[in-house]
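Before anything else, here is the set of structures, which you'll find just below.
The two complexes that follow have subunit A in common; it is paired with subunit B in the first and with subunit C in the second.
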Partner chain A sequence: MELFALLGDFTVRTVAIGAALVGVVAGALGSFALLRQQSLLGDALSHAALPGVCLGFLLAGSRQLEPILAGALVSGALAALLVMVLTRATRVKTDAALGVSLSLFFAVGTVLLTYVQRHQGAAQAGLDAFLFGQAAALVPRDLTVIGIVAAVSLCIVLLGWKELKVTTFDADFARSLGRPVVAIEFVLTVLIAVAVVIGLQLVGVILMVALVIAPAAAARQWATRLEGMVLLAALFGALSGVTGALISASVRGLATGPLIVLVASALVLVSLLVAPERGLLWQLAHATTQRRSLRAHRVLVDLYRLGQAHDDPSYPSEQGMLDAYFGGRTGHVLRRLQRRGLVERVEHMPEEGAHWVLTEGGREQARELLVPFGTREHDGGGLA
Partner chain B sequence: MTTMAQVTNATGMHEPSYALHVEDLTASYSGSAVLWDVDLNVPPGVLAAIVGPNGAGKSTLLKCVIGAVRPAAGHVYVFGRPYRRQRHRVAYVPQRTSVDWDFPTTALDVVTMGLYGRLGWLRQPRRRETDEALEALAMVGMDAYGERQISQLSGGQQQRVFLARALVQDADLYLMDEPFAGVDATTERAIVELLKDLRGRGKTVVAVHHDLQTVSTYFDWLALLNVRLIAQGPVREVYTAEHLRAAYGPRVVLLNAGAEQPGSAAAAPAAVDAGERRAPPLD
Partner chain C sequence: MNVLQAWLDQPGVTIVLVGTLVGVAASLLGTFLVLRRESMLSDAISHSVLLGIVVVYLLTGTLDTPLHVVGAALAGLATVWLTDVLVRSRRVKSDAAIGLVFPALFAVAVLLINLYARDVHLDTDAVLLGEIAFAWLDVVRVGALEVARSLVTMLVVTLVNLAFVVLLYKELKLATFDPQLAAALGLRPALLGYALLGLVSVSAVGAFDAVGAILFVAFVIVPPTAAYLLTDRLWRMLTLGCLIAVGSSLGGYAFARAYDVSIGGAMASATGVFLLLALLLGKHGVLARAWRRRSPTAPPFAELGAEGRP
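== the complex of A and B ==
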């Protein structure tokens, strides 16, 4: 099969493994960024990495991943610091501070990039790949670096799991337990920055934030626990990475980075639509079912009360009268109830309209519905 | 009123006869004082309410105790020692609205967080911790909701989950920030029972409270705060028209005409400034 042939190709395999590693780390740490409402910080971090990439290249004098990653991390951290200083010391709000910081660093980065390209021959070094990402530039040595960084980050998350969770959920409570909350938040921000930085070469500074946020946003739709969310986000990240890499390898001229982001976005779209409880379609279906059953209950109770009023439990009620009682058309509701065996249609007098009576089962259900709210067992909410 | 005498005994304890002892506490947000020179002494075994208008520094006072806000000056002692040496004896319940209830987790998991202090950094909760957390959930009538997503709980149920997290800490001093805010009548009654049960077991509770009408029925000890400490002591002595006016200003509305006499303990304020009027239950 073509897929196996693709994976047999050395370059494709390198890119796919790299994309999977980046996806796992981005998904796992993106979950924390999402829950801490730091998605935009991720964007600022990735744009702000550009000057660091150029400076790392200038200082090392060659295109090696380590100095470039370190430079990206430092300039990203400086941008995050600028955001913090702006929001604390001035009246500038967080969104504006993020915008200012992001564009300032990105502008500096672009200036540096053009300078490097003119004077250092960066085009050959593939430095411009960091703008939009260039998967083909990934070499096995880069994989080792990315692999080590990924392993260390995931180990930190695993070891500090409880503390990361309690700090993300309730920082004041974590403080009351004596946890060094500022330090934990700092570590988290650095880890998120690391997740952004290791994907730069593959996806580029402009789109990398999508790979951090999208798998987490998709996973949030399905997960009920933080454990599940982080695992699923890591899986979604890896899936996006590998799928994007394979599509790009099989169709000539399609860039890997944007494809990875498109796959991740597709996962978000599907999750937003169909996830149980939180999905739009799920909620729509749920609301429709609820409305239907509410209507059915009203009609049952109306029929029952009409029977009571006439001292005849099997009193045949005219459909027009039911319409008036109900305040709308009841025909389709009655037909659904008939299919469930709760009402029966009777021919009262041929020249008059349809008449309906409750079956034994229908009367039983109406009686249950008439038990006052709050006294039924399954209403719950009370205290033990 | 309690004495202001400062005693440090031979064991290095500072005012060990108080569950909570706050000395000259001053705290500020961006330059302006939120708390000014507050001295507070809460004896053990009481249900204490901290009451005052909006922005009086009530929540900040609790946050200073647990070290979430660094005071500009002053000291805090819990059972005679600094807080950092007494953490295991204190349980803090933040305001319910201070966290994102859409966080992906279950009620049981939140309650288990109360045991993280005991577990330390690396040990993970096991069967024993889960059992303890379930027991705490049962104490607030929420045992059937352990596996429920916290986003699906009502406001009152969320508050009870927070209280269960404090109960599982098995502390001697409970610090609660507005435990009655935005809860239904059932939960309010449940919390009152819980507080009385804690007092019965010799525990001390210090709660930020905003409803003047229920202070004297729910609590037995009162501190009136408006940046400065206005008065502190048993509710009967502190809950007077004079003190309330000092805390809330002359616009405080008193229901009971008899309360107009200075020093009367029967004052029953209906409401204070519009901003402080009690919001209807949310659920």
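== the complex of A and C ==
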């Protein structure tokens, strides 16, 4: 009920819809950035948006979203260009190039920000909102702008799907097919910049990178195909956006941007742990099962070989002896085998402790286990 | 003594000195980060030290404690360690791991401030942007002199960093250029790496008051990168990086005073001017490269390569 009450609130609904839109675009395009190992380009692009935001404001003279978005996009593109020049034309490595471009553009941004604040008087209202995001400042008109930009960039992704896919996974192959790889990479970079830029007002330049990377990284754990990954990442992005916006609306004083980022991070953590096949918990469970069945097999074979050595298939083996052959305690292994009906505990010389025999089923399984090693019926008592 | 005091009492002197020290402290460490291809870790660390500061504040209830340095160093190392864990799980690549860890820690820090520290002077803007312009207001007494607190802090940080680089020069050099050999000689390059990043965290805290977290990153990465385009020798790269940092502090201060803008931002932007110069004119810059390509005397190894290949 409370949720419906929240969604009934006009401001909350505006913010939630905006966050969902931003999440969808950031998730979908973040997938490409993640797969191309350009996650930190998102970081550089979002920091680099700051001077553009200020310039857009200075040129337009008002805090309208379009010039600010355009400015952010242009400065993002320039930052990406700087990264490209540094890595392609000099020996500077990618990490340093990203760091240079990020910190220099941000530095220029702070200079411009203080210039705007000190020289434009009261008109500066709300430019700091772009540092950490200020969801409450979102108005329905902004929503329209964000919506149109989101729709256009998703359409570009759909129309150029094949080209984007082949360039993402195998740029050399794409080149050999005669695809304009440089142009496609440029389009992808611009699209990622667009994803970053439309989220700035909500999440802020500092944290926007997380919304580009986290939904994609979470989706990567579940999906094995690009189609599924992009869809899932868009879904995760929208989910983080809406959840973050709703929590922020229901708890006073919590900023929206950090909440969205934390929800997205939690999604990553959960995905890393429980995603089928790739999930760490699944792998742990798988490894445990494997270790268990290996132990059971070794004990079965030991019992079988002991029987062979004594020319008595139902030879009662003493548990202490099995421990010695196994090189450790076998009690729990034997009890598990007993539950599966493969061994039986027998009363044989009770003063010497527990004794165990193979059942018919146990002998059958031990024989099967030994098949790959060659069935040597009587080999003089050699044990596994 | 009085002359020195009078000199230090000028706000401009303190500001430029603090900026210079931040720049030198940062680019000494940055040189190794750039060479080890770990520059972006400094960005991650400089964000997540905020969490260390906030947690220490919530535990002690004050912002004036040396424990901040410990908290920040731990937060920085936690960032590096978490990134490492993610990479080793082989579920995400290293770039994505960095981009996943620090925003999460930073978001936690911002929310903690939202929840518990709303009314104190622990402003996220101030942490990110710093306000070096007020550095001279907060003074402490050292002997017979009254010196700005951040000047003392940064002097200590710079001396520690300088000692680290000078005393472990050989070890750092080997661990940077040939970690396998360093490990084989028993130098523990991984431990050295953690020490380096721990110092980066401590320096980031020291630099907070002065230039803010992200501008600190500019001083860590940009001067060494510019120096990297100018020279092939490690000690020259270190020296040039420091010189560029000093020049940027002076130039940035002059610019900021002239146009009344953020001093820290102007200092960090000024490093970009040096980078552009190095990019154009440096030994490994674009012009030198273009000239080398056109020049009739091709480098000797190019001929060798052509002949050597059947």
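One rule holds in what follows: the second predicted complex is superposed on the first by the 367 of 384 C-alpha atoms of A that agree within 3 Å, B and C clash if a C-alpha of one lies under 4 Å from a C-alpha of the other, contacts with A are read in each partner's own complex, and residues count from 1 in each chain.
To be clear about the criterion, a residue touches a chain if its C-beta (ideal position, glycine included) is under 8 Å from a C-beta of that chain, and two chains touch if they have at least 3 such contacts.
Quick caveat: nothing in here was measured; it's all calculated off a predicted structure.
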Which of subunit B and subunit C A:Arg291 touches, first, second, both or neither: neither
Which of subunit B and subunit C A:Leu177 touches, first, second, both or neither: first
Subunit B versus subunit C as contact partner of A:Val209, first or second or both or neither: second
First, second, both or neither for A:Arg367, with subunit B first and subunit C second: neither
Of subunit B and subunit C, the chain that contacts the larger number of subunit A residues: C
Which of subunit B and subunit C A:Arg220 touches, first, second, both or neither: both
Partner chain in contact with A:Val166 - subunit B first, subunit C second, else both or neither: first
Which superposed partner A:Val111 touches (first subunit B, second subunit C, both, neither): second
First, second, both or neither for A:His332, with subunit B first and subunit C second: neither
Doubly contacted residues of subunit A, that is, touched by subunit B and again by subunit C: 37, 220
In the complex, subunit A residues that touch subunit C: 34, 37-40, 42-43, 47, 85-86, 89-100, 102-104, 106-115, 118-119, 128, 131-132, 206-207, 209-210, 212-214, 216-217, 220-221, 253-255, 257-259, 261-262, 265, 268, 272, 278, 280
Subunit B partner contacts - residues on subunit A that touch it in the complex: 35, 37, 159-163, 165-166, 168-170, 172-173, 175-178, 220, 223-226, 228-229, 277, 380-384
Touch list for subunit B against partner subunit A, complex: 63, 66-68, 84, 87, 90-92, 94, 98-100, 103-106, 109-110, 113, 116-117, 119, 121-122, 124, 138, 141, 143-144, 149, 154, 157, 165, 175, 186, 189-190
Subunit C to subunit A touching residues, read off their complex: 34, 37-40, 42-43, 47, 86, 89, 91-93, 95-96, 98-100, 103-104, 106-108, 110-111, 114-115, 118, 124-125, 128-129, 212, 214-215, 217-218, 220-222, 224-225, 228-229, 256, 259-262, 264-266, 268-269, 271-272, 275, 279, 284-286, 289
